[in-house]
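In the two complexes that follow, chain A is the common piece, with chain B as its partner first and chain C second.
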Partner chain A sequence: MAAPLFALLAALILVLEGDQILATRWSPATLATIHLLALGFLTQIMCGALFQMLPVLAGSPVARALLVGRATQILLTLGTLFLCFGLYWGHQGLLVLGGLTLAVCVLLFGWAIGAALRRARGAQYTVMAMRFALIGLFVTLALGLFLIAGLLGAESVRFARSDFARWVDLHLAWGLLGWVGVLVMGVAYQVVPMFHVTPGYPRWLMRSAVPAVVAGLLIATLAMGLGMGVWAGFGLALTGVLVFALVTLDRQHRRERPRVDATLLYWWTAMTSAMLAALLWAWGGRAEPIGVLAFVGVGIALPSGMLFKIMPFLSWFHLQYRQLSGRRFDVRIPHMHAFIPERSALIQFGLYLVSLVLLLLAAIWPELAFSVWLVRLGGLATAGAIGFLWWLQLRCSAQYRSFSRRLA
Partner chain B sequence: MSEPVVPQVLDVSRLAPPEPLERVLDALADLPAGRPLWVLHRREPFPLYDLLRRMGYGWRTLGEDPRVEILIWPLANPPSEAELAWRIPS
Partner chain C sequence: MSSRITDAFSQDHHRCDHRLAAAESAAKDSDWARMTGAAQDLVEAMERHFEQEESSLFPALSECFPASASPIEVMCSEHAQMRHLFEDLQESVRGQDRSAYLGILETLHFLVQQHNYKEESVLYPLADRALGARAGDFAERMADV
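What follows is the complex of A and B.
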């Protein structure tokens, strides 16, 4: 429930710093916005999703989930705020504090999720992807800490100015492809066929896509360490993402029911954005449009679309559980779709789509006289979309609590 | 000689959540007393197991994604050998 607040903060920076933000990826406002979205919104939802999905998909609940979940969330919230304000104000103390807090958070999270993954059964390729994603998160963190040390001028981490951008690219690649991409793939193998009743993913894809991404990233990292070009590695990883996105669109095209809902629209947007971002990246396109496609086109889209399915399902399921446990059959539990009405979800998606298009136009043509206003309007639309998403979440949660009280 | 198996089969493999869970709970409520239920699913329904445990049912799961068979029975009436051996036709 706290994740949308970070996206709202990112939207606020877009509105206030529109002139800085898409002109260069290196502006403090851009760096802060990206980390607010990547850590505060995306990683927070992904961590929460892992806590919820492991018992449902792999029959392996996380031990002391409530305690570990709370601790992880507090550490992630604080770490993200320290880091983002450190980047925004160029404050060294906050950068160090942010890096260390996030390190403790990732270690705790990795320990708890790693233990649950060891006990997991079934859903072989999903569990494998989750393990790789955890490794991706560790490497992203390690590279992030390395970059902070470099920014602070640590003696042991002296790299040439030109190398700095390449290390940032590697950090970005591990975060976007190794952590987010790999986890999305693993979860998609289960939820795409489940939510939209599509044919299952082909075995060849489940066997090869995640290993291709991880192998590509390892090759790129090794090449970077040896001072060689990273394109072969990145190319392999991006091919894995591209093929996965194409197969996902194909599966969804062959779904049993022709109905189109907000979750499906979000998936289509995310997969199209992922493919465009991968192609632009492979062809050496400018970083700013790639960033908008990756962080807004995928990073905001997929969690939003998934929340529309997962929150109502969990609310409905826990009420069912309480009803059966207490034998309170006099209370009529609402249908799952009543928790977040489809019409509201579609309006929220429309707002989001406006924000994506505006930000993308501004990123593609930053030289336009009104591009600053495109960013600001895009920021406002993002704030509207995220604010509405948050309200729908709160409404779902209030409805759950109200019925939960009646079942007590 | 054991009784001939008269299987009650519920196919939820082409339904979206939460319909599989709803249909299984409805089918269990309508089931003749003491009879088992065979469910054909596309994945192992871990959330269902929690509910079955609460409701006093036992279960046994066979197969893997995308074809999973779950045999569910009231704990007071364990399935016969013939019922345990019966499989849902492909």
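What follows is the complex of A and C.
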């Protein structure tokens, strides 16, 4: 429930700093916005999802899940805020504090989830992807800490400063592909066939896509360490993503459930954005539109689409379970669409799509006189979409609580 | 190891998935005659599946492998949840309430998916192992339904 607030804060910076943000990826406002989205919104939701999914998919609940989950969330919230304001104001103390808090957070999370993943059984390719994603998160953190040390002028990382942009690219690639991309793949193998009754993913893809991404990132990291070019490694990793996205769209095209709901529209948007981002990189496109496609086109889209299904289902499921075990058949539990109406979800998607298109146009043509206003309008639309998402979530949980009280 | 129970019962799950998708497709033009028939087909197919499990497979499994009693109880309580949704679905058909019809089918879909996942990855493989040579009989009975 807290995740949308970070995305709202990111949208606010887009509105206030419209002239800075998409003109260059290096402005403090851009760096802060990206980390608010990547850590505060996306990573927060992904961590929560892992806590929920491990017992269901792999029969392996996380030990002391409530305590570890709460601690992880507090550390992630604080670390993200410290880091983002550190980047925004160029405040060295906040940067260090942010880096250290996030390090403790990732170590705690990695220890708890890692232990559960060791015990995990079944859903072989999903569990494999989750293990690699956790490694991706660790490497992203390590590179992030390395970059903070570089920013602060530490002696030991001075050699890297001439190559600063390339190390940032590596940090970005591990975060986007190694952590987010790999986890999305592993989760998709389960939820895409389940949500819309599509054929399962082909075995050749499940065997090769995640390993291709991880191998590509390792090759790029090695090349970077040896002072060589990273295009071969990144190319391999992005090919893995591209093929995965194509196969996903093909599966969904062959789905049996005929209805086009907001979740499906979000998946289509995310897969198309991922493919466009990969192709744009291959053609040597500018980083800013690639960033919009990755962070807004995929990063905001997928969690939003998944929340529209998961929140109403869990609300219904828990209430119905309590109704049956308490034999309280006098209370009538509403169905999923009553928790989050389909129409509202579609309107929310429409707002989101407007924000994506506006931000993308501004990132493609930053030299246009009105591109500042495109960013500001895009920021407003993002704020509207995220605010509406948050309101729908609040409404869903208020409804859950009200029925929960009636069943008590 | 034989997977005859897993295969036959999972296949029947897929048949029920098709029925659910067909019930959703029927709602496209709000043709209530089609929707009524599709909902009826779905409920009948799922009841037949429950019947095979509750009066044949599950008792046999819990008899030769008593530790399975607790997961079987969870599965049966989810059957009860689904039966509640069947009633709601039939009520929505009687009242020609399209949005309730679709919302109930969506809820049923998610409940069924997570239920099937547990049966297909835990309970059926267990039954295949525990029932040994008898597994083929249960599989054939399911296929004949």
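What we mean here is this: the second predicted complex is superposed on the first by the 405 of 408 C-alpha atoms of A that agree within 3 Å, B and C clash if a C-alpha of one lies under 4 Å from a C-alpha of the other, contacts with A are read in each partner's own complex, and residues count from 1 in each chain.
Just so we're on the same page, a contact is a pair of C-beta atoms (placed from the backbone, for glycine too) under 8 Å apart; a residue touches a chain by one contact, two chains touch by 3 or more.
Owing to the predicted nature of the structure, the values given are computational and were not obtained by experimental measurement.
Participant: Quick check on the chain A-based superposition: chain B and chain C, clash or fit?
Facilitator: clash
Participant: Which holds for A:Gly122: it touches chain B only (first), chain C only (second), both, or neither?
Facilitator: Both: A:Gly122 reaches chain B and chain C.
Participant: Could you say whether A:Tyr321 touches chain B, chain C, both of them, or neither, answering first, second, both or neither?
Facilitator: Both partners, chain B and chain C.
Participant: May I ask you to decide whether A:Val197 touches chain B, chain C, both, or neither, giving the answer as first, second, both or neither?
Facilitator: Both: A:Val197 reaches chain B and chain C.
Participant: Determine, under the contact definition given at the top, whether A:Glu256 touches first (chain B), second (chain C), both, or neither.
Facilitator: After superposing on A, A:Glu256 lies in contact with both chain B and chain C.
Participant: Which partner chains sit in contact with A:Pro55 here, chain B, chain C, both or neither? Use first/second/both/neither.
Facilitator: After superposing on A, A:Pro55 lies in contact with chain B but is clear of chain C.
Participant: Of the partners chain B and chain C, which touch A:Ala338 in the superposed model: first, second, both, neither?
Facilitator: In the superposed model, A:Ala338 contacts chain C only, not chain B.
Participant: Go through chain A and flag every residue that touches chain B in one model and chain C in the other.
Facilitator: On chain A, the overlap between the chain B and chain C contacts is residues 56-57, 59, 122-123, 194-195, 197, 256-257, 309, 313, 316-317, 320-321, 324-325, 336.
Participant: Name, in rising order, each residue of chain C that touches chain A in their complex.
Facilitator: Chain C residues touching chain A: 17-18, 20-21, 24-25, 28, 77, 80-81, 84-85, 88, 99-100, 102-104, 106-107, 109-111, 113-114, 117, 121-122.
Participant: For chain A, which residues are in contact with chain C within the complex?
Facilitator: 56-57, 59, 122-123, 194-195, 197, 256-259, 309, 313, 316-317, 320-321, 324-325, 334-338, 342
Participant: Of all residues in chain B, which touch chain A in the complex?
Facilitator: Within the complex, chain B contacts chain A at residues 14-18, 21, 25, 42-44, 46-47, 49-51, 54-55, 64-66.
Participant: Which residues of chain A touch chain B once you look at their complex with the stated criterion?
Facilitator: Of all residues in chain A, those touching chain B are 55-59, 122-123, 190, 193-197, 200, 256-257, 309, 313, 316-317, 320-321, 324-325, 336.
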